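Please find the structures below.
Look at the two complexes coming up: chain A is in both, with chain B in one and chain C in the other.
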Partner chain A sequence: MARKFTLKKTAADKGVAGVEVVDVTGATDAELMSISKERTLSLNLLEMKKIARYFKNKKRNPTDVELETLAQTWSEHCKHKVFNGIIHYTENGESELIDNLFKQTIVGATKEIRRKLGRNDWCVSVFSDNAGVVEFDDDFHFVFKVETHNHPSALDPYGGANTGIGGVIRDPLGTGLGATPVFNNNVFCFARPDFPHEDLPRGILHPKRILKGVVAGVRDYGNRMGIPTINGSLHFDDRYLGNPIVYCGTGGLLPVDRVVKRPRKGDHIVAVGGRTGRDGIHGATFSSVELDDKSEVTSSGAVQIGNAIVEKKALDVILQARELKLYDCITDCGAGGFSSAVGEMGERIGTEVNLEKAPLKYGGLLPWEILLSEAQERMVLSVPPRNLKTFMKLCEREDVEATVIGRFTGSKRFVVKYNRKIIADIDMSFLHGGVPRYPRPAVWDAPDHPEPTFACPKNLTNRLIKVLGTFNVASKEWVVRQYDHEVQAGSVLKPLVGAQDDGPGDAAVVTPVLGSKRGLAVSNGIAIRYGDIDPYWMAASAIDEAMRNAVAVGGNPARTCILDNFVWGNPDKPDRLGDLVRASRACYDIAVEYGTPFISGKDSFNNEFAVDGKTIAIPPTLLISAAARVNDVRKCVSMDFKEAGDAIFVVGETFDELGGSQYYQSRGFIGNNVPKVDPKKAKKIFRAMYGAITGGLVRACHDCSDGGLAVAVAEMAFAGGLGAMVDTQKIPGANKIDRMDNLLFSESNTRFVVEVGKGKETKFRERFKGLPCKKVGVVEEGDMLIIGAPDADPAIKASIGKLKKAWKEPLAL
Partner chain B sequence: MRIGRKTTTGKPKALVLRVAGINCDRETKHAFEIAGAAADLVHINQIARGEKNMKDYHILAVPGGFSYGDDISAGKVLANELSLKIADQVDAFVAEGKLVIGICNGFQVLVKAGLLPGFDAAGGASGTGAQSLTVFDNDSGKFECRWVHLKMPADSPCVFTKGMTEIITLPVAHGEGKLIFDSKETRRRLWDNNQVVYQYTDAAGETGGYPINPNGSEDHIAGICNATGRVFGLMPHPERFVVPTQHPRWTRGEAGRKGDGIAIFENAVRFAKKELLPTGAIHNIHY
Partner chain C sequence: MTTRIEVYIKENLVDAAGDGLLKDIEDLNITGAVGARFIRVTEIEGRIGKKQAQRIGAELLCDPVSQEFVVGTISGPLTKGAWIIEVRYNHGVTDPVSESTMKGIADLGIAGATAAGTATKVVLRGRLSKADVDLISRKLLANNIIQSYTIEKN
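Moving on to the complex of A and B:
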């Protein structure tokens, strides 16, 4: 199909060495599909035919450069075709047509929230730039983006994660006219690290090796960049065996007068930073296919090779050039390399790239490889001719390579030349607007899991120890310590807190402006197992968790922005897509009620691994990242108990909601009573808690999540080095729950355990008038945690030392 | 980040050195500023090309980070630049009795450039030269970020820590922080001269194993100065504890009124005002 022949005049110009013309205009359907497959274009027949028709009208065939450019630009990774597409959705037998799920739910929620805020809208730029932008203070806006780098990390954990963090740092840097990165966060999902070696399928790396490689990759890049890694989490489920999930995020500060970016006709296209190489070819399309046991051989070239110092140098230069106003526009070279960076920047104006000018790591790259390479550490800037000399001099002084590779033309065409010969010439409108939409079927039916049959154990101490020692609940200190969370000197609440600096903080707080008291509380929420019961409540719970983590430290719930990161299976399978519909709808419902706009996000599909005729699919996984504004960080609180004699309150009601809980999982069950969210009540609780914390009424606050109340109280006790006594009958909701284990391990949403100091109890209660809030116990001198009903043997009685040991040991790798 | 920021007269001037991979430059500059200095971020190429002159400054700070990626070994490339590329200016700076502080990566640089331990400093030849110590991989084998306690073992001549006899707490964040001597002789001289400025201890001031000593450093050494006390290097980061809310347990009331690290910068500024500013006291070191 891909015959080599000299380009006819109609194809642009004379033939160019290394450029192939691909016959699509005369190809049959089967031939079109094999072109797509052979070149890893990841385009389906409909898309291939649309391309064939376009070139038929042009009376020529495309060059491989054009075909590859279209494939990258139209990739799922870049265009989010599934989320933006048409879905035939059937839920419990009832069908409907959804035209653009993304617009209806994620974007829709933000639109509705902004409409309600009216003149008080604090969103600045959402879903339009490389990262979302919201107001922060008089001088700076806050910029936030979280990405995934799953497929590369499956093949090369270190390199994949390394370039995952490297890539997301360039997003805020490529937002507006360049934001200064102020923190990183990351969340990983792996199969359990003690997975039996003998059961490991062919072509898959052991999860412990992946874990260690990923942590090292993120560590080495993030630390070298001088960006503190302040928040994250680790989750374990064996369905991540073939497809680990690596979420990396970066927050930044953008000067308020550097939001608007627009390249002007005549501006130079300048590539800054790393050189172009053969690493990272086909990353965008590669991420849109399922992995199998041959991927390591066939697709390793899609993994980039990172070099943090090259990126750090580019960052330093760009921030200086930003202050000097030397450029009009900036974007990062991510998926699709130059083709998408230049293509997106010049979407409304037109570009001409002289590909032979691009500095290469080594010779021998074909023109399409230069255009498409996703080699790291490259930024593309639009520099007006009058500033070029100053800009180049600045780069030269800092040992940063900068090269003019073309111009913004005003022709509204995407033109690429190689040694003055045209090798690609596509209308911008077709490149960016030509991708066809087509309907996909989606279905969701409520599953019915067997309910647990075991009786409530009399003594729950050992159950608590077991839950504390599960990989999901256990201490992540081994990971956290390897990240520099102090660099930039803005740290207020660290990831680990308490008397021994080892308790699990709910959210990290930083002051990104040196000398200022204004901060950001950064948190995340993820509720993987609930999706096995209902992705709707999984998504609702993830938002609630992110929110309560931020609120627990003193973040303002009315100034909290969130990001969505959907990592899903194959969207051509209707059940996977049905899960997406359920989850997205919860995102809309809960976000609108909470008033937390989505400002950016990302989706990653096809996280499935095929081996021996079987498929390992990840569970649908939605990460919600949150950042809440903190007006005065001196009001923040940490989760560790502070002083014996203080009152312990529980805020929020406990229901019989053990479905998908850590407790059920530790007993081998899923169940069906998934935790739900009452968003109206939750919003009131968040607001009251924010008032109580900023009003100085709270000494410690911890949210209840994995492992429920028992785990939350235990963590507060051993983090503070203090004992505690809790009367279970006082817990809000206790009267409706007949089993002690259910009461203590239920994972109901919107709950907090709070330490209130002497003399503050009445005022604290007043804040929660009409809301579930009760004093349940007292912080005690000594080291015993005692939880139970007053007239019976305690259900839990253990020394905090023993509990802490159980919690700290499992992941001390 | 600003280039060529104007400095205020009457204040000591600190040069905060930048090269590829240095990443604690802004907070180091900030610490000097709140301590009363005027501070500039200066790229090493600006010095090498004569665009900036070290003569115009009273304090040189080599901040933390991963200079040149710490390829080869931590700080080695930048150390070579100090002792080869801009050796004249660096040596003159030290010879004039001006102040030098190296923090974390900067400490590694000073050691590998031979500026520390600087035994002969009092005698004259005090600049860059042969290396007699090194800072090596942590015993734990990995990069670690944690808070440590530091105690001054004896009254050292270090001008940066003058009067700081109490136990202080600061964060460390490094993968190569283990100080190793080349010989018993070096070790003896360092102790005899009271050039050990800080040791890692627990909160009560007792030395101990990991993690009290976070990297396995010999004699638990966290920071040292040269014989004149004007060149100081340490692995922990004083610039990261200049306000109480940076303390890991400030929510437990353990932070005190101000950060433990700021005194190091204030001492430098006070000394520079007194000894190095033209209007101040007479230079007491002449060569």
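Moving on to the complex of A and C:
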């Protein structure tokens, strides 16, 4: 099917070593699919036929360089074909056609919020650059991006996570004219670390090994880059056995006058940073295939190893060049390598790349490999001829390799040469706009899980201990301690807080401009188990959780931006796509009501693992990352109880909503009563809580999430080293719930446990007038946590030491 | 010529990575492992004299507070009678530590190094069969996509 290079009309008449012409114009459908599979192009028949037709019109066949470039540019990773495509959606028997789910929901929500904000719109650049940009202060905008690096982390956890964080750091750096990274955050999903070795399917690394490798990879890269890792979480479900999820995020600051970037005709294309090797070939298309027990062999090229030192040097030199205004445009070299980076930068004007100029780690790379390599630590800049000498001198002085690899031409074509011979020549309009859209079926039917049958235990102390010790609730200190939370000196609230700095903080707070009181509260929300009941409420709960975490420390809910990261199974299976529709619609509904714009995001599909004829699909997983502005970081509060005698309030109503809860899971059930969100009421609660915290009325605040009220109060008590007494009859909503276990372990949304100091109770109540808010107890001296109705034996009575031990031990790996 | 330098945690100090490995071995349902120590191996190609190798070990590779080093291969009680597993990257895999090592050697003003490579050596003690050690190597120490390993009984 392949023959030696004879590219007619556009190239020299002699072949170029290592370049093949692939016969697609004369290929049958079966042959086209065979080409796609053999070359890991991840293109379907429709796409292959479109490519064949394009080249038929050109009266020639494509080179492997052209075919690979199209495959990378058209990959799901780069073009988000599922989200932007056409969906025939059927929900509980009713059908409809959805044209571009992404535009309708995620982008639609932001558009609607910005419309409502009008002249007060604080979004700067959303869904148009490598990361989202919003206003921060007079001098800087805030830039935020979260990525996933799942497939590489499944194969090589250390390298995969290492390059995951390295890659996402380059996103803010490649946004506008380059943002300075100020924090990292990470969220991971794994199978249980005590998963039996003997049950492990072949071709899969043990989840504990993946966990340790991923943590080490993130730690080594983040710490060496001198960027604090300030926020994150870990989640466990055995369906992540073959497909762990590794979310990596970076926030940065961009000077307000460095937002606009545009390469100009005649600018040099300059590659800066690492050299190109064979590592990371086919990363973009590899991310669109299902893994199986052969993946570790067939896809080993997708594994990359990072070098933080090289990236740190590149970062430093770029920030200097940014200040000197030496370049017109910048982007990172991520998925698809030079083909995507250069292709996207030159989309509107055209490019000519001289591939032989690219500095290589070693010889022997084929031209298409050079173009597509996803070797790490590389940035691409467009440097005007007048600045080239100064720019190259700067790089030389800082020991950073910089190489001119081509020019922006104005031809509106993507042209690649190798030793002066053309080996690729594609119209930019076809490269970026040619990918065909096609309909996919999607179905969602409400499931019906068996409801629990067990009676309410009389003594819930042991149940609380059990829930505290589940991997999802247990302390993540073993992981958190490995990260540097303080480098750059802007950390105000770190991930671990309390009397002994080991309590679970709701959100991190940083003040990235040293000397300024302005800061950012950074948080996340994820509600995996709720998706087994209804992905709509899963997504709604994730947004609510991210929001209440940010508000709990003093973040401004009216200036909170959010990011979406969907990690899903195979979208060609209608049930998986149906889940996506449900979740996306919740994103629109809740975000618009809360006024929290999505500013950036990413999706990752095909997270399924096939072995022995069985497929393990991950549960649909949506991470919501949030960053809220903090006007005065001195007013922020942590979650640990501070002083005996203070009042304990519960804000927000508890409902009988244990579907998907940690409590049900610990008893072997899923249930159906999934926690819902009342967005109108929630918005009022968030506003009131923000007012109470910034008004100095709150000494500690903690959101209720996994494990419900019982876990939240226990965490506040042992984090503060103080006891507490809680009257369950006073909990808002208690009168409508007839079981004590349901009241204490329900995971209803938009709830906070709050410590209010002496003399401030009246003012605090006034803030929540008309909203569910009640004093439920008192912080006490000593070490006993007592929860129950006053006229009965306590439902929970335990020393905080015992509870803390149960919480800290499971993940001390 | 290859100059080998081995760096290890002082014997009287806790080797946290080694202790972590022992816990992971228990998870594999392999009993009998009683001790594990990690040794970081650096191999430098080129003309490096003995004094220069000592300098590289002392000033670049070893933390004198918690670690010791030998130029060559460590012998004596630390490794005697133990299983020795050596894990190294496959050819072509980026090895950032070796790249930084080359830069560090140049910064010390030592010329003559042409290349560097790294490996991890694990000293494992206890009643373990070769099959046990092989399983430990595969499951816990080496990732066959990017690494290979050797096993020896000292």
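Everything below uses one rule, namely that the second predicted complex is superposed on the first by the 801 of 813 C-alpha atoms of A that agree within 3 Å, B and C clash if a C-alpha of one lies under 4 Å from a C-alpha of the other, contacts with A are read in each partner's own complex, and residues count from 1 in each chain.
To be clear about the criterion, a residue touches a chain if its C-beta (ideal position, glycine included) is under 8 Å from a C-beta of that chain, and two chains touch if they have at least 3 such contacts.
Keep in mind that this is a model prediction, so the values were computed, not measured.
Using the contact criterion defined above for the overlaid structures, shared-chain residue A:Lys758 touches neither chain B nor chain C, since it reaches no partner. When the two complexes are overlaid on their common chain A, residue A:Lys312 makes contact with chain B while staying clear of chain C.
Legend: residue contacts after superposition of the two complexes on their common chain; A:Leu813 is shown touching chain C, with no touch to chain B. Once the two complexes are overlaid on the shared chain, A:Lys458 sits clear of chain B and of chain C alike. Using the contact criterion defined above for the overlaid structures, shared-chain residue A:Ser638 touches chain B, although it does not reach chain C.
In the superposition on chain A, contact of A:Lys736 is made with neither chain B nor chain C.
Measured by the number of chain A residues touched, the leading partner among chain B and chain C is B. Using the contact criterion defined above for the overlaid structures, shared-chain residue A:Lys37 touches neither chain B nor chain C, since it reaches no partner. Judged by the touch definition given at the top, the superposed model places A:His206 against chain C, while chain B stays out of reach. The intersection of chain A residues touching chain B with those touching chain C, taken from the two complexes, comprises 307-309.
Listing the residues of chain C that touch chain A in their complex gives 20, 23-24, 27-29, 89, 92-96, 99-100, 139-140, 143-146. Within the complex formed with chain C, the residues of chain A that make contact are 155-156, 158-159, 194, 197-198, 205-206, 208-209, 212, 277-279, 296-297, 300, 303-310, 361-362, 375-376, 813. For chain B in complex with chain A, the residues that touch the partner chain are 1-3, 18, 20-21, 23-24, 26-27, 30-31, 34, 43, 45-46, 49, 64-66, 68-69, 142-147, 171, 173, 237, 239-240, 242, 245-246, 248-249, 251-253. Listing the residues of chain A that touch chain B in their complex gives 180, 219, 223-226, 307-309, 312-313, 316, 319-320, 323-324, 397-399, 481-489, 491-494, 497-499, 501, 511, 514-515, 633-634, 636-638, 640, 642.
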